[in-house]
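There are two complexes below, and they share chain A, which is joined by chain B in the first and by chain C in the second.
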Partner chain A sequence: MNIGVLVKPVPDPEQYNSITIDPETKRLNRSGVPTIVNPSDKCAVEAALKLKEKFGGKIVIFTMAPPDGREKLMEVLAMGADEAVLVSDREFGGADTLATSYTLVKAVEKKSAESESFDLILSGNESADGATGHVPAQVGEMLGFNHLSAIVQIVAEGEGRPDSLTVFQKIENGKNEFEIKLPAVIGVTRDINKPRYTSAMGVIKAKKKPFDTYDCEALSPDKSRIGIEGSPTKAGAIFTPDTGRKSEELSGSPEEIAEELVKRIKAIGVTINSGGGCRE
Partner chain B sequence: MVDFTFTEDQEMLRAAFREFIEAEIAPHAAKWDADDYCPVELWPKMGEVGMLGIFVPEELGGAGLGHIERVMVIEEIARHSAGLAIAVFTHHLCMGAILDGASEDQKKKYMPSLCDGSKICGLAVTEPGGGSDYMGQKTTGVKDGEGWIVNGRKCFITNGGPADITVCTAVTGQDDRGRNQLSCFIFEKEDEGFGPGRKEHKMGLRGSWTGDVIMDEVRLSADRLMGAEGKGAGVGMKAIGEIGRASMSAIACGIIRGCIEESVKFANERVLYGKPISKIQAIQFHIAEMRMWYEASRLLTYRAASLKDKGQPAITEFAMAKGFSVDMSVKASQNAIELMGGYGVMNEYPVERFHRDALASISSGGTTEIQKLIIAGDTLRAFTA
Partner chain C sequence: MSNRKIFIYAENDCGAIENSYFELLSKAAALNVKLTELEGAPAQLCAVTVGELGEDSLNSLVESGTDVVYSITDESLTVYNPAVYSEAVAQLCKLEEPYIFLFASTAMGTELAPSLGVKLHTGVSAHCVDLRFDDSGAFIQDVPAFGGKVIGEILTPDTLPQIATVKPGIFQCECLAAKSAEVKKFSPSLDSTVLDGIVLKDVHVKDRDSLPVEQAETIICGGFGMGCDENWEVLDRIANYFENSAVGCTRPALDEDWTDDDGTMIGTSGKTVRPKLYIGAGISGAMHHVCGISDAEFIVSINKDENADIFNVSDIKIVGDAVKILTAFEERLVQE
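And now, the complex of A and B:
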């Protein structure tokens, strides 16, 4: 079973206070902010590793990122993935989810043409920074694969390469059960598993695993569908809402102030008990 | 030129171990200290991520890396739990002695289970007469046909309670000048007459088991003698001198780093006179001192480890690293307490624990005075014009 996993480096949530928004371009300025592998993408890698343990095959990781994204791919290779592809070119910069999905699809198609086709594409349901949840569905549509999002469980039964998977989707008051025919794209949430720890042996092996970098020339994309030009999402005005609280200063003797306070509290519908405490 | 940077692989390893430690160790460190509980259930997990066999050749179940990476493991654990760090390094200490002195059959028999954490081990050398009087040990090993009968009592032995495998030194004879000759023996938990005695209650480095190990007429087969008869002194001393002191240095580095991290966090959050106390110069001086002590301790520690990885003698370098970094960890933890005022002595914050851990580290692997004797001896030889 050949599985592709889409992985995104995102700013470390513990450093969110260092992220600024460029008022001109309305884009996040992440420079200098340490990144981590998007947490739900790590769960997707873990899900892929579990499927590989049962059915065999290989796992290829794809990420679209600046050149320093290599470091995060090494981390995922150290978890146990077999190969990695870094999709990186200045022309891909500024992409929204649609242009990102298109670019990743081009990379998946190129990798499929070079070796074997993929039975399954996994990704985190959404990224910790953008959190749109668009990519799994968009990638599924563009590849012409079945696709499902918000998956919290994948049931892998039987022997040999499966034709379909039973999956459970999280909904507000429970779960939906689906049987999804392969090839498919599945977006998983962080509830699906606890990713394994990276081992020392994993780190040692990571550097010896196949690693490709695809630039714009390698993918030969339709340039009207990549980067800023290929991104229909346009950020509107950015402003900081006024979160200040209305305040008023009461004057008079302590008794007068207390009387005025009681009057105002009663006016908003709160009853004051003589035994102490309040009730509405 | 001297390159003081870690390799990309080493940085990746540190990040990987940090992730494990922050999830599995940091949240429990205060409770282990309060309960003086050694979390033996973590051994298989630490084995799985490669922390136990990090410096052991791959063919024996390890990761095949070196002492820089091993020191890194100990420093990262000690950032949160110096108590567990000393238990893990004692495991390394025994493994180092086996690697250095055991036969190939013994290595194959014991090392895989020590690497994967299914078994815990320790090294028992110190006796009630004092660890520094190394050759004056009273434990005896007497030939009994093909095997041996061992009697004695070891004290202050880390992992003495939970260890499945313990390497002990014993006097097995005297040389022509009447000086003791030591041999190393491998004990298994099930050996009749062998087992832990009294558990000590330490002020710091709690979360590791420390106490007596008793050998009462323990009969061992010949294959439990580790290395040649009468040649065990060097094996034990080398393990203590290189793995033990390297680890105590790494623990001290971890303690200092923990103090810096807690101090910076506190100084940025604690507001006094309308501004964070990190804006006050007196507080900044405390932090700057800790940073200098940390960087200097780290340089000494990792330089010594790199020498060992290159196969060069490093006894003096480890003595310098141990003596200096432990002294600095005592000062740094006191700085952190002073910086935090009343909060510094409350167990709600870890710095009081760090201070107890730093003080308890002074004697392990030899006091600062013992390190100075080693350093002075080498200096008087090496710096002769």
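And now, the complex of A and C:
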């Protein structure tokens, strides 16, 4: 089973509170926030590794990023993926999800033409930074593959390369169970698994694995569909929402604090039911 | 009325219309006021539904205050299949050429909207927190980035429809003046290759006997600082003292299995809530969580770290051990 996995380097989501907007330039200031592999993309890699353990085949990682994206790809190769493709060119910059999906699709198609075609493309359901969740669906549409998003479980039964997979999709009040025919694109959420750690051996092996870089010339895309030009959505102003509140501190012993808290709660018109029992 | 059409996708859950439709419709009606000012005439508001609707549901759409109800039906649309649904909706769009198309960012909406973006070659904005027209008539879609720490304006200036998804709970439902919408039936032509790529085998609905957090007036929310399973129970006991209350959680609490109901997670990947009272304990204040509570009327936070970010977005700050404070609070509630 040949699997492509789409991954994206993102600023570490644990540190988004320290991202600010420069009041002068109105540019985003994320200095000091390290770049990591998008959390749900790591889960996609883990899901691919599990499928490979069962069915064999090859895992190729794709990322569209500036040249320093290479470092993050090495990390994913160290987890156990077989090959990596860095899709990188100034001309790809400023792409929205539609242009990004198109560019990734061109890379997937090039790789398929050069070696074997893919049975499955996996990716995290959404990136931590932009979080649109559009890429799995849009890549699926453009490849002409079946596609599903928000997958929390993949069940692959039997021996040999399967024709279809049973997958569970998270919905508002439970789960949808789908059978999806391959080839397919599947977006997975972080509920699906816990990604493995990389071993020292994995890091050493990663250095010897095939690594391709595709620039714009290599992909020969329709130029009206890449980068800022090829993006139907345009970014306007950015701002930080004002979520600040007065943060009045209650102090004293826990009992005193509790007493004051009850007072405050009543003052805003919330009633406390004597004896409890509201949720029985 | 102008020829412009604002489409609103009305999600059909087993024949009943999802509440998110009414939220989107309320916003569309507000947008229409501005559009009338700018252009002299309002756009047509159009509900779009896929699959058979029960008579009551169809009526609730017809009387919802919209001008037109497009009802897309076909025998292949009785069971949800995202590939078939998006194809059917795309065909309607090619025929009717909507100006704006709004979806809820539910599981269904977040799958249909980007698919439609490819089929119609247009832009899609995701999880919008506000929608407006500026004075030049540009349709501005405010989208959160970095977990909601930053809001960015998105515009789709050159292609139509301008597609946006909005998280349920962001806009409030308002009753619109009743009128009777015209129902237009649409039958798409669906070829068999689209039909059998994906098959819905089953729907596993989670039974919940408690009130959903998004409907609660009081939310007692626990985070990683609750420490363990046993400590978690005090949240439930406290919630018991409040009418229409619910216990919410952050991502780590779910990961630790202190609660198994992922429908109670609040934030970017969870629910957006607007209770009168939110009490959070052992929560650091990551934007991913905070953006889900910013519409709460009154926020009380308990954290042992006096510099925790959560305090910046709280009305009341309590520095201390979550369990000690909550236990004292519970003992005080008993005396009520």
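The definition used in the following text is that the second predicted complex is superposed on the first by the 216 of 280 C-alpha atoms of A that agree within 3 Å, B and C clash if a C-alpha of one lies under 4 Å from a C-alpha of the other, contacts with A are read in each partner's own complex, and residues count from 1 in each chain.
We take it that a residue touches a chain if its C-beta (ideal position, glycine included) is under 8 Å from a C-beta of that chain, and two chains touch if they have at least 3 such contacts.
On a predicted model such as this, the values are computed, not experimentally measured, just so you know.
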With both complexes overlaid on chain A, does A:119 touch chain B (first), chain C (second), both or neither? neither
- prompt: Counting only touches as set out at the top, which of chain B and chain C does A:91 meet: first, second, both, neither?
  reply: neither
The chain contacting more residues of chain A, comparing chain B with chain C, is C
(Q) Output check: A:231 vs chain B and chain C. Expected answer is one of first, second, both, neither. What do you get? (A) second
Once the structures are superposed on A, label A:78 by its partner contacts, choosing first (chain B), second (chain C), both or neither.
first
Chain A residues where the chain B and chain C footprints coincide none
Listed in rising order, chain C residues that touch chain A in their complex are 80, 82-83, 106-108, 110-111, 113-115, 117-119, 121-127, 129, 140, 143-159, 168, 196-206, 208, 210-211, 217-218, 236-237, 239-245, 262-263, 268-269, 276-277, 285-288, 290-291, 294, 297-300, 309, 311-320, 324-325, 327-329, 331-334, 336
Residue set of chain A touching chain B in the complex reads 71, 74-75, 78, 197-204, 206-207
In their shared complex, chain C is touched by residues of chain A numbered 11, 13-14, 16-17, 19, 21, 28, 96-98, 101, 128-135, 137-138, 140-142, 146-150, 166, 168-181, 184, 189, 191, 231-241, 243-251, 253-255, 257-259, 261-262, 264-265, 268-280
Per the touch rule, the chain B residues reaching chain A in their complex are 8-9, 12-13, 15-16, 19-20, 23, 45, 48-51, 54, 63-65, 69
